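What follows is chain A paired twice: with chain B in the first complex and chain C in the second.
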Partner chain A sequence: MKARRKRDKNWVASRAVQVSFVILLLGLWYLGTTRWRISPILLPNPVAVWHELKDVLSTGEYIPDLRITLTELAIAFSISSTTGITLGYLISRSRYSIRVFEPLLAGIYSVPIILFLPLYILFFGLGPASKIALGATISFFPIVLNTIAGFGYVDRIFILSARSMGASDYQLFRWVLLPAAFPVILTGLRIGFTIALLSILGSETIASLAGLGHRIVHLAEGMDTARMFAYIAFAVAIALFLNTVTSMLEARARQR
Partner chain B sequence: MAASDVAVRARNVSHQFGEEGESLHVRALLDTSLDIRRGELFCLIGPSGCGKSTLLNVIGGLLTPTSGKVMVGNTDVRGPLPQEVAYVFQENALFPWSTVLENVSLGMMFQGVPRAEREPRARKSLEAVGLADFADHYPGQLSGGMRQRAALARALSLETDVLLMDEPFGALDEQTRMVLGEDLSVLLSRTNKSIVFVTHSLGEAVFLADRVAVFSARPGTIKDIIAIDEPHPRKPSFMTSEKFTALRNQLFGLLHEEIRKAMADSTASERGAGGKGGGAKPS
Partner chain C sequence: MAHALHMQQAQAVPPVGPPLKRRIKRWLLARPGLARLGVVLMLFAVWEIAARFLVDKMFLSPPSQVFSQIQTVFETPGVIAALRITAWELAIAFALSVMIGLAVGLAVGLHRFSHRSFMPIVLLLYGTPQVTILPLFILYFGIGPASKIAFGVSHGIFPIIVTVAAGVQNIKPILLTSAKSMGANQWQIFRWAIFPHMIPSFFAGMRLGMTGVLLGVLLAELYVSTAGIGYFTTLFTQSFNPTKLLGLISVLAIMAIGLNEIVRRAELRYSRWRKD
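Presenting the complex of A and B:
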């Protein structure tokens, strides 16, 4: 009981530090724009940003851009998760193919794939297709690698004991391989989802026709910095929300 | 011995890992023949790497021998025989993602037991090993000894005639193994199963077995078989009797020589061929 209270106390203390850190940053931001007279084109007043944000939300102006970004994300993630899990499973079926493909894929994963964006735009145009292709490519790697790790390194004793009790191929997959691999695959999916969102927002800011990233760059080019900050805050909130949801799903699925 | 009294019959079984000339080449088992009677507990004991586990895996159909054949009852062993043979592995063969009850039920599902029968049978066998209150725990929440009890419950629930146990208490501490050994003796005296039990422990072999086969150093084969003439279930007092000590000493005499030989052998081959190749585990 006592230990628990102590832990709660630590929890409160660390949360207090985190909150005061954020308040301090906001305070510095406010002082910077008022007392230290930083140009509002470089750094808008936080109050002005707040008003812009309210305006963006109340007019529903954000809806078409958000819809495009989320659609790109959904399509990219469905492509990368289905291909990643399928290929990962197939590769994990033999020691030989794991030895061949795992280092290869891990090697490509370490390449900054965003550098291929110009190529993707050449292939798929400025519209959503190039964002989807890039997001799917980038998020494919952690998903396929974690699927290989999940299925490929199931302890042999589990397989032997299931076989000794007469498990069929399907039963072995459903009751042994899948539950053994599931948590590892889930981590791959969460990482893949996060970096798909990052790369889609990022590529929208570089070359695009619509989407949240595109809107942010558009406002920056129009020197409408306060509204741009409002959109950045909005995009951050969406990203935070999605990442929290995926982390919660992961934690819930792992729970036993 | 009449054929119907034999539960497991092994004839001239040899097994080698890898091909001759390869660095991983190990002759694990050489021309071993063996009859295990119905209802007896048969112990395999011998130096590390002498092929006792290899023989067990051959009987269980998990390993196809290089030559020779094994029959369980009237069936040739060509792969796992889930209706006839159940296995208790050394440790941690329980699925960590399922509860104890689910683990036991899954085994029966693999074996083909109808759904409605699984849970009552699982609960019955958990009760038999003293884990009735832990049915809904996950293996990770149990001690090593309890996990092995659960693994035993899973094997018992399959209601096979033959039970193979590969150093089931090998990873446990001395006190836990002693208690588990006593419980096992009581439990098995009621079931009339034929059991093959691999162990390193002389005391365990004498306490549990009806007959003990002593293996020679690699390539392993059976050097001698000693009968332990003492009714089951055996009492703890048997462990302190003179008979126990005499049998244990007899086993020790047989084994000691082989262990020396095995160790001299492995150091010689390590010096000769730069290690015998740790990849294959022929024990």
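Presenting the complex of A and C:
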């Protein structure tokens, strides 16, 4: 009982520290813009940002940009997940092909693939195609590597005992390989999704015609900093929301 | 009877070994590196054929041309200076990330209370896509190397903070208790119990931090650059010069692989004590 009360007290204390940290930050921000006269081009007033955010949300100005970014994300992720899982499964079928392909794929994955963005822009232009291609390429690697790890390193004992009990190929796949590999593949899919979103936002920021990243850069170049802050807050909220949803989906699928 | 005799004779003949074909197969199977080399060569062949016969010369150059003319990349005025600047940016950003990440990681990780209070904030920041605030970094730090370093640090510190804090937290209580019972003071406990325990995760953090720094610096370079490597990638893209662009990207990729390999080796070396 006493221990529990102590734990509750600790919980309240750390929440209080967190809340006061955020309030301190907001307070410094507010004082910085009003009292210490930081130029509104560098740091806009938080109240102004809040008004801009409300304006952006109520007018629905964000909808076209958000739709483009999410469409790019959806296409890139579906390409990378289907090719990644298929290729990963095919490679994992033999120990030999795992030893041939896995170091190769891991080696390419260790290169920062964002380097190829200029090349992709040269091939696919400034439109959504180059973002989709980059996002699909970057998210392909964690998915294929985790699929290989999931299917390739199932304990031999399980496979042998299933076979000795007379399991067919399909049964072996459905009841032994898939349940063993599923959690690992899910982790790969979550990582792939997160970095696909990151690279799509990044490539929109660097060179694009539309999308959330493009909108932020557009506002930055117009020195409309308050509205840019509002859009940054919006984009960060969307990204955190999507990442939380994928983590929750992963946790739920893992439980079953 | 004749049949049995025949069997006996067959058994008496010493085996001559598997046929040559199977021996070659086994030899190849024992060497997956050879097949890997084959796959890489095949990919280069596809690239070569595609570039020579299928794709417009304005967009893609064959690898033979890229690698035989790699010196033209270095001969382009400014490229060597740009590579040097980018390497400096990477080095400074990595050093700053390690220092700040280690300090913050220790501050957050050493006390249970600060860990519980500040770790969620760190994880939240780690989870936000920092590319969205790239324009802000340019606004605050200008378009020179400072903004690249700052952006690289913003990508590099979080993995270091998280792994250092975790490495300090996961120490076995019995080690601390025994150190204390032998009369160690706070500093001695840190120096001789916590610090050695933290080293492997610290190096793992440095490896992840290097990946982050590379990503951050290169993103900022590609976004806007006056003197670094990003200026030349933009230049070669806009002047439709795929030979030089591919050469430059290859040089950068080799640089990135080299840096990653250095920190990976260091991690292997300094986390060895834990295994044995």
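FYI, the second predicted complex is superposed on the first by the 239 of 256 C-alpha atoms of A that agree within 3 Å, B and C clash if a C-alpha of one lies under 4 Å from a C-alpha of the other, contacts with A are read in each partner's own complex, and residues count from 1 in each chain.
Keep this in mind: a contact is a pair of C-beta atoms (placed from the backbone, for glycine too) under 8 Å apart; a residue touches a chain by one contact, two chains touch by 3 or more.
On a predicted model such as this, the values are computed, not experimentally measured, just so you know.
Judged by the touch definition given at the top, the superposed model places A:Ile157 against chain B, while chain C stays out of reach. Of the two partner chains placed by the overlay, only chain C lies in contact with A:Asn10; chain B stays clear of it.
Of the two partner chains placed by the overlay, only chain B lies in contact with A:Pro179; chain C stays clear of it.
When the two structures are aligned on the shared chain, A:Leu24 is found in touch with neither chain B nor chain C. Taking chain B and chain C in turn and counting the residues of chain A each one touches, the greater count comes from C.
In the superposed model, A:Ser110 lies in contact with chain C only, and not with chain B. Shared-chain residue A:Val47: touches no atom of chain B or chain C. Considering their complex, residues 10, 13-14, 17-18, 21, 41-42, 96, 99-101, 103-104, 107, 110-112, 114-119, 121-123, 197-198, 201-202, 205-206, 212-213, 216-217, 220-221, 225, 228, 232, 235-236, 239-240, 243 of chain A touch chain C. Put simply, chain B touches chain A in their complex at residues 60-62, 80, 82-83, 85-87, 89, 92-93, 95, 97-98, 106-107, 109-112, 138, 158.
Residues of chain A touching chain B in their complex: 155, 157-158, 160-168, 171, 175-176, 179-180, 182, 256. For chain C in complex with chain A, the touching residues are 29, 32, 35-36, 39-40, 59-60, 113, 116-118, 120-121, 124, 127-129, 131-136, 138-140, 211, 214-215, 218-219, 222-223, 233-234, 236-237, 240, 242, 245-246, 249, 252-253, 256-257, 260.
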